[in-house]
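Next, two complexes with chain A in common: one pairs it with chain B, the other with chain C.
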Partner chain A sequence: MAMKYLDKYPRSTAKTLWVLKPLWSTIKLFSKTVVRRPVTIQYPYEKEWLPDNYRGRPGLRFDMCVGCGVCARACPTGCIKMIEVPDDDGKMVMRPEIFLGRCAFCGYCAEFCPTNAMTVTPEYELAEFYKKNLFWGPRRLNFEDTTPEMEVHYEVTLQSDIDAGNPERRVHVFDVDNPVVKEDACIGCRKCEKVCPVGAVTMIEKGLNERGKPKLVPVFDHDKCICCEQCVIDCPKSCIHIEEAL
Partner chain B sequence: MVVENTIDTFDAPPEERISRERFETDQMWIYMGPQHPFSHGLWTLKIKVDGEIVTDAEPVIGYLHRGWEKEAENRTYPKIIPMADRLCYSASMTYTHLYCMTVEKALGIEAPDKAKYIRVVADEICRIQSHLMWLAAMGTDLGNLTIFLWAMREREYWLDLNVRLCGQRMTTNYPRIGGVRNDTTELFDRDVLRVTELFEKRLWDIIDMIDDSSIYVSRMKNIGCLTREQCANLGLTGPAMRGCGLDFDLRRDMPYSKYAEMDFEVPVLQDGDAYARYRVRIEEMFQSCLIIKQAMRKIKALGKNAPYRVKVPSKVPAGRTFCKLEDPRGESMMYLVSDGTDKPYRLKVRAPLFTNLSASKPMVKGCRVADVPVVMAMIDVCMGESDR
Partner chain C sequence: MALKDWINYADYSDLQNFAYYPYETHNIVYEIGYNLYQVLGGLIAWIIDVLFPNNGLSTWLMSGPVVNLFAIVNLALIIFLVIFTGVLVSLWQERKTLGRFMDRRGTQIGMKGFLQCVADGFKTFMKENTTPKKVDKMGYTWTLSLVIGTSVLVACMLPLSDRFYIVDYDAGFLIVMAIYALAPLFILVSGWAQNNKYTLIGGMRAAQSMISYEIPMLITVCAVAILAGTFNIGGVVAAQNETMWYVIPMALGFIVFFTASCAEAERTPFDLAESESELVEGWQTEYAGMKWGLIMLGDYLRGFASCAMVSLLFLGGWNIAPFVSAEANAFLPELVQLLKGWFVFFLMIWVRASLPRVRIDQILNLGWKVLTPLAIINLGIAVVLKTGGFF
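After this line comes the complex of A and B, so read on.
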């Protein structure tokens, strides 16, 4: 394979015709642009077409969100805060609120959302006159024309699957990870049951503690669990950890 | 070629010449920057001038220091990827690629084949748009505003490809530890080859504009000269080094990702002046187009269902990892010290521009003041990565 440009240039002075050749090429382009459509877009009046996967501000589908807080923990700038808002029935639920003044538009919240409630939206005109207007609550984050292409899927393949010769993509990656409890350290405080956003934790009586009384330990429903790590963070004895499948 | 800084060249009668030789003039320090049309980014080039001739120079950086490395120590590994984008706005894809490669090496895992090919395509798109950004900046430094507009127009096509690939123009946040963020979209598969072919035609217009014009060529020739020895001692890398006659490219000589399977040439020129560095970069854009075409063919052969991202553990085992990659501006390297937690203990970035800037003194010495912007444009200054 040869060089494309270095083989042709530099040319001899006779061929380059001093500055006449570049002058000719500008005249050529000028005559072309006179008849053709301009490249420039008259921005406020006409806008460029954007694909659906364009990463503008984050969008939230309120009803699909379970309030697990994965987006708040995945956010690299810490602009997402979980706040308590009433849902359609008046019940108080946890939903993300985003301070767009700090948002880096990285799309992590949409990528790591276990229920795909968070999406990316092609909305980019977000300037405001007051800082308070940059706080986008969960209702305001709703984007009407959300299409399936705006969801970001966290699709991974397990290394063990590739080694076994079956490289299938796990669309819902959180199915493969599981929370595991160290039962001898657990004090049965029911904290994990309370904080679980999807109700995957049930407390059962299992064995006796050192005082001879029955002991409560959590049991995780792996079909319901979205692996949000909320129980891991809130456990007072730090006896829950996520077992990663690789 | 160094212009001799003597006053013998004056065309004066002998008796007057003698009096002028005794006439000692003061030299003067001039601060070019931090806000100066020639400095692309916030930095200062202190130059010492004797009349019109530059006799000494000293780059001063630090105006854009953001504490990047310290900040990286307080974040988990995936959260550093968007930060690595912001190291250099026009080479964001290569820096995220480098960071992901470093962590993968520390973890001892390999990205799937498809991810590696996609990364090669993304890297070359990044290289072309970075070189076009340089071409636009260089055009204004030479006083050629047409080049600025033309190069920026071509660059938009490549940025549109980035939007089709991952949804963002510049801060792409696309490579991930263990693969890439998403598979190539249908729009991207369709457009990348069309843009590549269109660009290969359109680039000749720009070349006609510069290379056939004796005005611009004469401004670039024989200034900012470095010998091969100087270049090696100063630690220059990238197109600035290859314009000096040192034949080394990490993509060919220490291939990472899938560059070993790609068929391309590394342009090397022996002249060592600003014009040679310009020519190396233009040829690199053509070679990048070739690599994109080959890699897209390989991605197509792998099929739509091939894996592109493997799952990685959140904690990195303790150890020291070192990784390097060919950036549009030179060799960028990362050194990771991990301590078994989900945050790095230390992450050191070796930016190519930091080293290349130190060559500014031997490059501009002997030039005229008007040549300084042209000489410094040829190392493609980007302050985000050198100050960090």
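After this line comes the complex of A and C, so read on.
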């Protein structure tokens, strides 16, 4: 036998007065909003206050960029492409170009940028009439009022660091990682020296190869290295890898 | 000095017996309409007289009965315009106040949102005026006119002050209530004529709820009439000014009348007739364009009339308060009455913002089993107060 509605909620005159409860709560809100204006923000006319590290469109400081391509590899939507552009001296350099139609505004490019050239900016009104206008070149990505707060630092504390007695946070995870070359496999092609954006690779003669001729192997300057993995990617023999210094 | 004095025609209006012909007391609206016709009609008559000297038309235009006729036309126009503006203000008030109740801004189109009603009017006016094929044309069109017409009539028949009225009649509230009670019949016929199940259900609900809430309303009006000793609207207001606002001895009656008038005006806790979530638009579903706009205007006119009635019956009408001097009370009594009406409308908006819609059985239970007995108890209180010599 199903329970009747009136059995579950018996009619009572006193309970009828509960209509006063919503009346009370609404008049409370009304008296509040009359004094302190509604929360609505009139968007095109007034805008919300934004913090400096608001994740709007990415911004690029052209001169600080070394063209390592970490941003292009970190981008989850694949909207960053490295293109060749002339720098201030007319020399052709690699710089990122961003397709904002696909950008997810995650800020990973700024987070992973080894030189902090890529920043986030509080700019979010980016509508264009044509799709082609959404390709933002390296010069256009410049944001005039870039402040240090717009840099995104990927600060982490690793469990292995804590175990090793080093509980300080790493400002950049990859700062202490190093490229390491397997000298037996290296053919001394100088590719790593050419692609290194910061010039941390020098080729030195070391030992002899199987034909008995002197052999060139790369040596990495750990102070200059930003661990961008360009050499790892471009090595024809895949003999360079990154050793995590955990 | 009017233009016609300058034209030097005879003034026939002095031939009437009453000082305030055709009214017995001073009617400011008639006076304004009369003077307006003196200026505009006198100008026309003067121009015609300049062009064609000694013609009969100018003399006829400024003769007593014609002046009286056009003065009354002006009176009707002025009263309707004032009430219409009051209703537009209450529309704006509802939008803004509901916004504040919901922590948002409400409408913002021009003049702090007041021009939103103009925009709405233009929008409904621009819409295609369609009529469904299978409706009963006569019932569809005539009931619409009658619903809107009775709404306008009832809103305009309530005076704004003792000098701002159309007619001063002793059966005041009874006639207002009688016209008010005509609408359910038209709504029922309209819902039936539209050949649509939603409109039929909506029309039946409207008729049910309106008929059941008519009775506590009328009993409460009777209680007020017993206290005041008259049904005359001016008499009720004057009696309240002599003693006290009737909301104090008859708070019960105030609550009953307020709830019933919410239901009569089909406002939200009782808007079963046009419950958008169940019936498409209730009994107004098949009305398109400006017809629907006029129905909405009629709805708000009924709400405005309800608020004005609450103000007149319980809140002292156009007098500020009983203890205020007569000179202060004489300062713009029309505005005082409008402000009190808007205050009651604010209460209605508050109820609308707070409470959800009730079911049809709940609304009928509330009407017949709660409000009607309470109204009768209130009538008993009124009788006791009157026979006990308190009033």
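Criterion: the second predicted complex is superposed on the first by the 219 of 246 C-alpha atoms of A that agree within 3 Å, B and C clash if a C-alpha of one lies under 4 Å from a C-alpha of the other, contacts with A are read in each partner's own complex, and residues count from 1 in each chain.
Heads up, the rule we're going with is that a contact is a pair of C-beta atoms (placed from the backbone, for glycine too) under 8 Å apart; a residue touches a chain by one contact, two chains touch by 3 or more.
Since we're looking at a predicted model, the values are computed, not measured.
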Contacts of A:V19 with chain B and chain C, given as first, second, both or neither: both
Touched partner set for A:L29, first chain B, second chain C, both or neither: both
First (chain B), second (chain C), both or neither touched by A:A127: neither
Which superposed partner A:R169 touches (first chain B, second chain C, both, neither): first
Contacts of A:V39 with chain B and chain C, given as first, second, both or neither: both
Intersection of chain A interface sets (partners chain B, chain C): 16, 19, 22, 25-26, 29, 39
Chain A partner contacts - residues on chain B that touch it in the complex: 75, 78-83, 109, 112, 146, 153, 156, 163-164, 166-168, 171, 173, 178-179, 181-183, 185, 187, 200, 205, 207-215, 217, 263-265, 267, 269, 279, 282-283, 286-287, 290, 305-314
Residue numbers on chain C that touch chain A, as the complex places them: 97, 99-105, 350-351, 353-355, 370
Interface residues, chain A side, partner chain C - complex: 16, 19, 22-23, 25-27, 29-30, 33-34, 38-40, 42
Residues on chain A engaged by chain B in the complex (per definition of touch): 1-6, 9-11, 13, 15-19, 21-22, 25-26, 29, 39, 50-51, 53-55, 74, 76, 104-108, 111, 120, 152-153, 155-159, 162, 167-170, 173, 176, 244-246
